[in-house]
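One chain, chain A, appears in both complexes that follow, with chain B as partner in the first and chain C in the second.
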Partner chain A sequence: MTASSDSHSPAQRGWYKRNEIAITPWLFLAPGVIFFFIYVVAPIWQSFGLSLYDWNGLGDVQTNGEYVGLENYNKLFGLNGERADRNFGISLSNNFKWLALYLLAIPGGLFIALFLNQTVPGIRLYKSLFFFPFVISQVVVGLVFSWFYLPNVGLLNVIIGWFGMESTNILGDRTWATYGIIAAGLWPQTAYCMILYLTGLNAVDPEQVEAARLDGAKGWKMLWYVIIPQLKPATFIAFVVTVIGALRSFDLVSIMTGGGPFGSTRVLSYYVFEKSLSERGLQYGYAAAIAVVLFLIMLVFISYFLWAMYQDEKGAR
Partner chain B sequence: MFPTPIEKSSRAVQISYQAFLPFALIVWLLPLIAVMIFSIRPAVDFTNGNYWGWPSSFEGFTNYGKVFFESAMPRYLMNSVLITVPTVIGTVALACMTGFALGVYKFKGNLLIFFMFIAGNFVPFQILMVPVRDLTVEMGLYNTKTGLVLFHIAFQTGFATLFMRNFIRALPFPLIEAARVEGVAEWRIFWYVVLPLMKPAIAAMAVLIFTFIWNDYFWAVVLTQGPESQPVTAGITSFNAQYRAAYHLMSAGSIVAALPPVAMFFLMQKHFIAGLTLGAVK
Partner chain C sequence: MHSILKTSLAAFIAAGISASAASAAGHTLSGDLVIFSDMSNPAPRAVMEGMVERFGDLHPDLNIELTVIDREAYKTQIRNFLTANSPDVANWYAANRMLPYVEAGLFEDVSDIWDGQMSEELASTKGALTIDGKQYGVPYTYYQWGVYYRKDIFDQYGLTEPATWAEELANCQTLLDNGVKCYTIGTKFLWTAGGWFDYLNMRTNGYDFHARLTNGQESWTSDEVRATFANWQQLIDMGAFIDDHQTYSWQEALPFMANGEAAAYLMGNFAVAPLREAGLDDSKLDFYQFVEITPGIPRGEDAPTDTFHIPANASNKDNAREFLKFVVSAENQTLINNGENLGQLPVNANSSVDDDKFLQQGFDMLSNKAPGGIAQFFDRDAPAEMAAVAMEGFQEFMVFPDALDDILERLENAREDIY
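The block that comes next holds the complex of A and B.
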C-alpha cells in the first residue's frame, strides 16, 4: 500500500476519498449510460431530424438529402393540399386493431391461470407447457400459424371442415388476414399474461380469501371484489407488456404476409421498414416521419407507465 | 387459495378436471403439434396430399439430418450463439454496474436516469432503425456479429438495469452501511458485498436476455444479411426460400431454430419466471 500510494499526490487522493460516495455512482453508471445514449437516446433525436428531410439513404443526409420541413407529415396526414397516404391510414387503423384485440391476452391469461391454479399431480409440467408458446421466437410462431392457416390442407381448415364449413384462406383475405395475424400474436402473449397471473395468484393473501368466504363471497363476486384487486401489480405489468407487444408487432406481419394481401395487413412498424430498407422503399425521410408517429403513440403509454411507476417510487420512500 | 382447491370438491369433479387438463393442453399447443408431425413426415406425403393422415413412413431422422448436415442451418445456429452469448455477458456486466449505482446511491438525477433507461426500453425499434444502421455502417460493422452485439447490449441494458436496480433495492441496506463503517472502498463493496448477493438476479437476467436475443428478428434483418453473420431467426427465412413448399424440412428447421430458448427455459425455469414476473407481486 505504502509504495503505491507514494506515486499519487496526497491532495488528489484526499479529494477522491472525500468525495468517494458522490463520484462512485457516476463511475459505475458511465459505461451503461454512454452506450445507451449512443444507441438509444441519440437515434431518437436523429430520427426526428431525419423526418424533416427528403433522403434516399445514400451518402449523408445533410449533403444528399433535401430539407423539406413538415412536408413528410403533410403527405402522411393529407394536410396542406397533399393527398393523405392511404397505406399509412390502413397501417394506423391496423395498429389500433392490434392494440384493442391484443388486450384480450390479459383476461385470457387470467382465465388460464385460474384454470391451472390447482395442486394436482403434474400441474407444474402443465403450467410450463402452457407457457411454452412465449419461449418460441415470433418468427417460428408466425411460420407455425401460417401453416396452420394454409388453405384446404392447413389444420384449421381440416377442423372447420369437420363442422361442414368451407375452407378459407385467412391470410389471403383482405378482411381477415390482420385478425389471423393478431390471433397468432395472442397465443404467446396470453401465455405471458398467464404466467404473470399465476405468480400473482400465488401471492394472494389466503386469510382475506377465507374471510371473504365466511362472508359468503364466492365465484365471480370473490374474483371481482377480492382477487382481482390483489392482482393489480400483475395486471399493470400485463398491460405494459401487452401494449408494447401490440405496437411492436413486426415479426409476425413480416413472416406471415409481408404486409399483404394488397397491403391490408401493414402496421406502422412494418410500413417504416418497407418505406426505407425494402426494395420498394428508399424514402428514408418519409419512413422516419412514420416512425415518429409510432413513437408518439407509444409515448402516450410510456408517459402513463412512468407516471404509475413514479407514484410507486414515491410510495416506497 | 383461489379458485377453491379441487381437492375440496367431489371425486367426479376431480377426475374430470384431471382428464380435461391434457385435452386443454393439446388444444392449446395444436399449431405446434401440427408442425412436429409435419417434421417427421416423408416428402411424398405432401405430394400425395396426405397432410394429416398417418405418416406413410417415419422420416424424422432423415429430415432433421438434412437440416443439420445439408443446409446452412448449423452456421446460422452458430451465429446465433456467437451473437447471444456476448450480448448476455455484456448486458449483465453493464447492468450490474448501473443497477448498483442507481440502487445504492442517493444523488441528484438518480430517478431521472433510471426513468431514461425504462423509457428507452419501451420505444418502438423503428425510431432507432435508420440512425443505428447508419452508425453501424459508419463503424464498418454492418453485416457483422459485433455490430449486432453492440446494439443489443446497449438496448438490453435498459431492461436489465430496471431489473437489477429493483433487486438491489430489496437487499438489506445495513450490510452496505456496515461495510462503509469498516472503511471498505465503494468498488470493493460492489465486488465483495453486493455482487455475490446478486447471483439469482444475474441468472434470471442471463436466461431472459438469452431468449430475447436468440428470438430477435428485426435487428437481425436490419443489421445483417447472408449466412456469414445472420442469426437463425433471419436464416430460417432463406432456409425456407431454399426449400419452398418442402414442409417436412421447413418445419424441422423451425423446430431446430426454436429449440435452444426452449431448452434454456426448461433448464432454468425458476430463474426465467422470476425474471419475467418481476414486479407482478408486491
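The block that comes next holds the complex of A and C.
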C-alpha cells in the first residue's frame, strides 16, 4: 500500500490529503451524527431497556428497579394472563382518530392556498392572517378553543343558541371530546399545509398551465390533472408533517382536557407523560413500554417516508 | 462512580462543616444552606422569604440560598434534584406522597429532631410523617376541609347548618326547588372528587375502614364501599352538583358559588381567600363540618399537611436540621400561619391560632370534633397509581352513576395490581 502510493504520488502527501474525498463528508456530518446518536438513537435504546424494568424513576434503575422482562408489554396488551390496560386501548384508538382526521388539513390547506394564490390589493395581509394560527403557540390555541367550547358561555354555545339548540359541553363529553381537540389541532395544521402549498404554487410552471388552457382544460380538470401533479413535492411534505404532528399530539390534549373526561381523550404520548413525569406518574418502566409502542407505530411511517424519498432520489439521478 | 465520588465529597464537606460548627461558640451556624421551595403563590412565597430572613438574622454567618420553584413544576422536578445536586432542605407532602422518595432512600431520617419534646408538640401529625417507625420530615402547616356555604342563601330559604345526612338532603332539596344547586365542584383535575369520596366514606364506614381502604386492605367491591357510593348517588340523582363539572378546575367552579348559582363547596380552607376576593364577606360565607351519615361513627377529617424534608444527598445536613427545628418552633408556626401570612393552621400544639373565623372553627373541629382520626387526603393516603385510577373513577361516577359496577371492578383490579 505504502509502496504503491509512493510510486504514484510525486511528493509525499499526508494521510488526510490522500483520503480527503472519503473523509471530508464524514467530517462535515460528524457534529450532526454525534448529536443524533447521543440525543436520538441512544435514548431510543435506553427506552427499550427501561421498558423491561419495573422502576419508579427514582434512584438508579439497576438498584431500585426490578427486571421484569416483557411483563410491561403483557400488561399493555393483556397477554399472558394479565388484564389488558383499557387506557392504553383508548389511547391507541384515539391516536388513529387523530391520524385519520388530521389528514383533513392537507386538502383544507390546498384549497385555502388556491384561494389565496391571486394578486389583489392586500393579499399579503390575508395570507398572514391565514398563517397566523400556525405562528401562535399550541398552548394558546388550546386555551382559545377550550374557551370557545365552554358550556353555556362559550362562543360555540352562543352560536348554536341562535338556532335554538341546547348547550353542549364538547370537552366534557367522552364521545365528542377527542373530535373537539382534533378540530382545534386542525386550525394551525391547515395553516401549515397552506403555506407549504403556497410556496408549491409559486413553482407551478405557467407554460404548462397555458398549454392545458389551450387544450380546453379548466376548473376541476385543470386542478386535478395539471396543478396537483406539479404540487407533488409539497403534498409529500404536508403528508409527512401532518402524520408526525398527529402522532405527536400532546400539548392540546394536555391543555384542553388533561386526558379527561374519564380518560377518554388520552393519546399515547400523553399517556407516556401521565405514567412517568406527571404528578402521579412514578411508573417509568411502564411508560417506556408505551413509548416503545408509539415509536414502533411511528417507525412504520418513518420507514415509508425514507423509502419514498429514496425512490425519489433514485428517479432524479 | 461519579455519584459515589460526589457523595463522599459531600460527606467530607459536611463533616468539615459540622466540625467547624461545633468549634464555633454557642448556636450560631456558618457555611451554606440551600433551600428549594414550592411555596410559589404570592402569600406562601412571602412567608418562605420571611422565614429565611429571620433564620438568617439568627445566624448572620450562614449563607442561605433560597430557590422558589413553581408549585406544579416542583412536583416533577423534585425527582431530579433529589438525585443530583440536592438542596439541603426541600418542601414536600406527608404520608404516602413521600413514601416513594423514602423507599428510594432520597429523604434523610430526621427522627432525632422528633425526639422528646418535639414529638409531643407535633403529635397530631407524627403519624403522617412516620414510615417504619422513623420520621422523614417536619410539618409547617395544615388546613381543614369542610363545607363552605353561602350563609345569606341559607338564611333566604330558612335553612340552618345541617348535622345529619337527612338534614343535608332536605336542605339540598329546598335549594334545588328554588333553582340553586347545592354544591359547586370542578372535577377536571380529579382530586376534588377525591375529597367527596373521603368524606362520604369516612362518614359512612368510619375512619379506620377508610384508612384500610386507602392502604389496599379492603376491597373496592365490598358492601361498605357500595354503601358509600349509594349515598353519593342520592346527591347525584337529585342533581345536587353543578352541571358540566368535569370541564372545570376547582378555581373555575368558584364563580358558581360567588354568583349564588350554587350554595356550598366541599373544599380545603385555601378556598376562603379567593371567595373573599370574589366579594363574599364573613356575613355571606360560613363553614360547617361535614355531616354525620352513619350515626355513632367517630368522625374523621381531612387535614393535608405540608412539610419540609432533608434530601439524603444534601451537603449541609447540620444546618438543615437547625432550619427544620426553627420551622417547627411554636413561635414560628404561629407567625407563618396567621391570617396575614398563610392563613392556615399551625401544627405545633403550643402555637396559637389566628382569630380568623374559619381558622378558629377549623382548629376547634380538628382538635375537638374529629375523634375518628385525621386523614391527609385521598391522593396522599393512597399510593399515587391507585389515586390516579380511583379519582378518575370518581369523576366518571359523578357523571355516569350507572357505570358504578364497571368502575368498582376497575378499581378492584387496580388494587390487586398495585399493592
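The rule we apply is simple: the second predicted complex is superposed on the first by the 282 of 317 C-alpha atoms of A that agree within 3 Å, B and C clash if a C-alpha of one lies under 4 Å from a C-alpha of the other, contacts with A are read in each partner's own complex, and residues count from 1 in each chain.
The definition used in the following text is that a contact is a pair of C-beta atoms (placed from the backbone, for glycine too) under 8 Å apart; a residue touches a chain by one contact, two chains touch by 3 or more.
None of these values were measured; they are calculated from a predicted model.
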Exercise. Does the superposition put A:277 against chain B (first), chain C (second), both, or neither?
Worked result: both
- Query: Is A:26 contacted by the first partner chain B, the second partner chain C, both or neither?
  - Reply: first
Partner touching more residues of chain A, chain B vs chain C, is chain B
*Which holds for A:305: it touches chain B only (first), chain C only (second), both, or neither?*
first
| request: In the overlay, answer first, second, both or neither for which of chain B and chain C A:70 touches. | output: neither
Touched partner set for A:169, first chain B, second chain C, both or neither: second
Taking the superposition on A as described, I'd like to know which of chain B and chain C A:209 touches: first, second, both or neither.
first
**Asked** A:217 contacts which: chain B (first), chain C (second), both, neither?
**Response** neither
Chain B and chain C footprints on chain A meet at residues 57, 277
Contacts from chain A onto chain C in the complex sit at residues 56-59, 64, 83, 86, 150-152, 169, 171-172, 257-258, 260-263, 274, 277-283
Within the complex, chain B is touched by chain A residues 20-22, 24-26, 28-29, 31-33, 35-36, 38-44, 46-47, 50, 57, 114-115, 117-120, 123, 126, 128-133, 135-140, 143-145, 147-148, 153, 155, 158, 187, 192, 195-197, 199-204, 206, 209, 218, 222-223, 226-227, 233-234, 236-237, 240, 244, 247-248, 250-251, 254-255, 268-269, 272-273, 276-277, 284, 287-288, 290-292, 294-295, 298, 301-302, 305-306, 309-310, 313
Residue positions on chain C within touch of chain A in the complex are 72, 75-76, 79, 82-83, 100-101, 103-106, 188-190, 243-244, 246-247, 379, 384-385, 387-388, 392, 395-396, 399-400, 410, 413
Chain B residues touching chain A in their complex are 1-7, 14, 17-18, 21, 24-25, 28-32, 34-35, 38, 49, 51-52, 94-95, 97-98, 100-102, 104-105, 107, 110-111, 113, 115-120, 122-133, 135, 150-151, 153-155, 157-158, 161, 185-187, 190, 211, 214-218, 221-222, 233, 236-237, 240, 247, 250-251, 254-255, 257-258, 261-262, 264-266, 269, 273, 276-277, 279-282
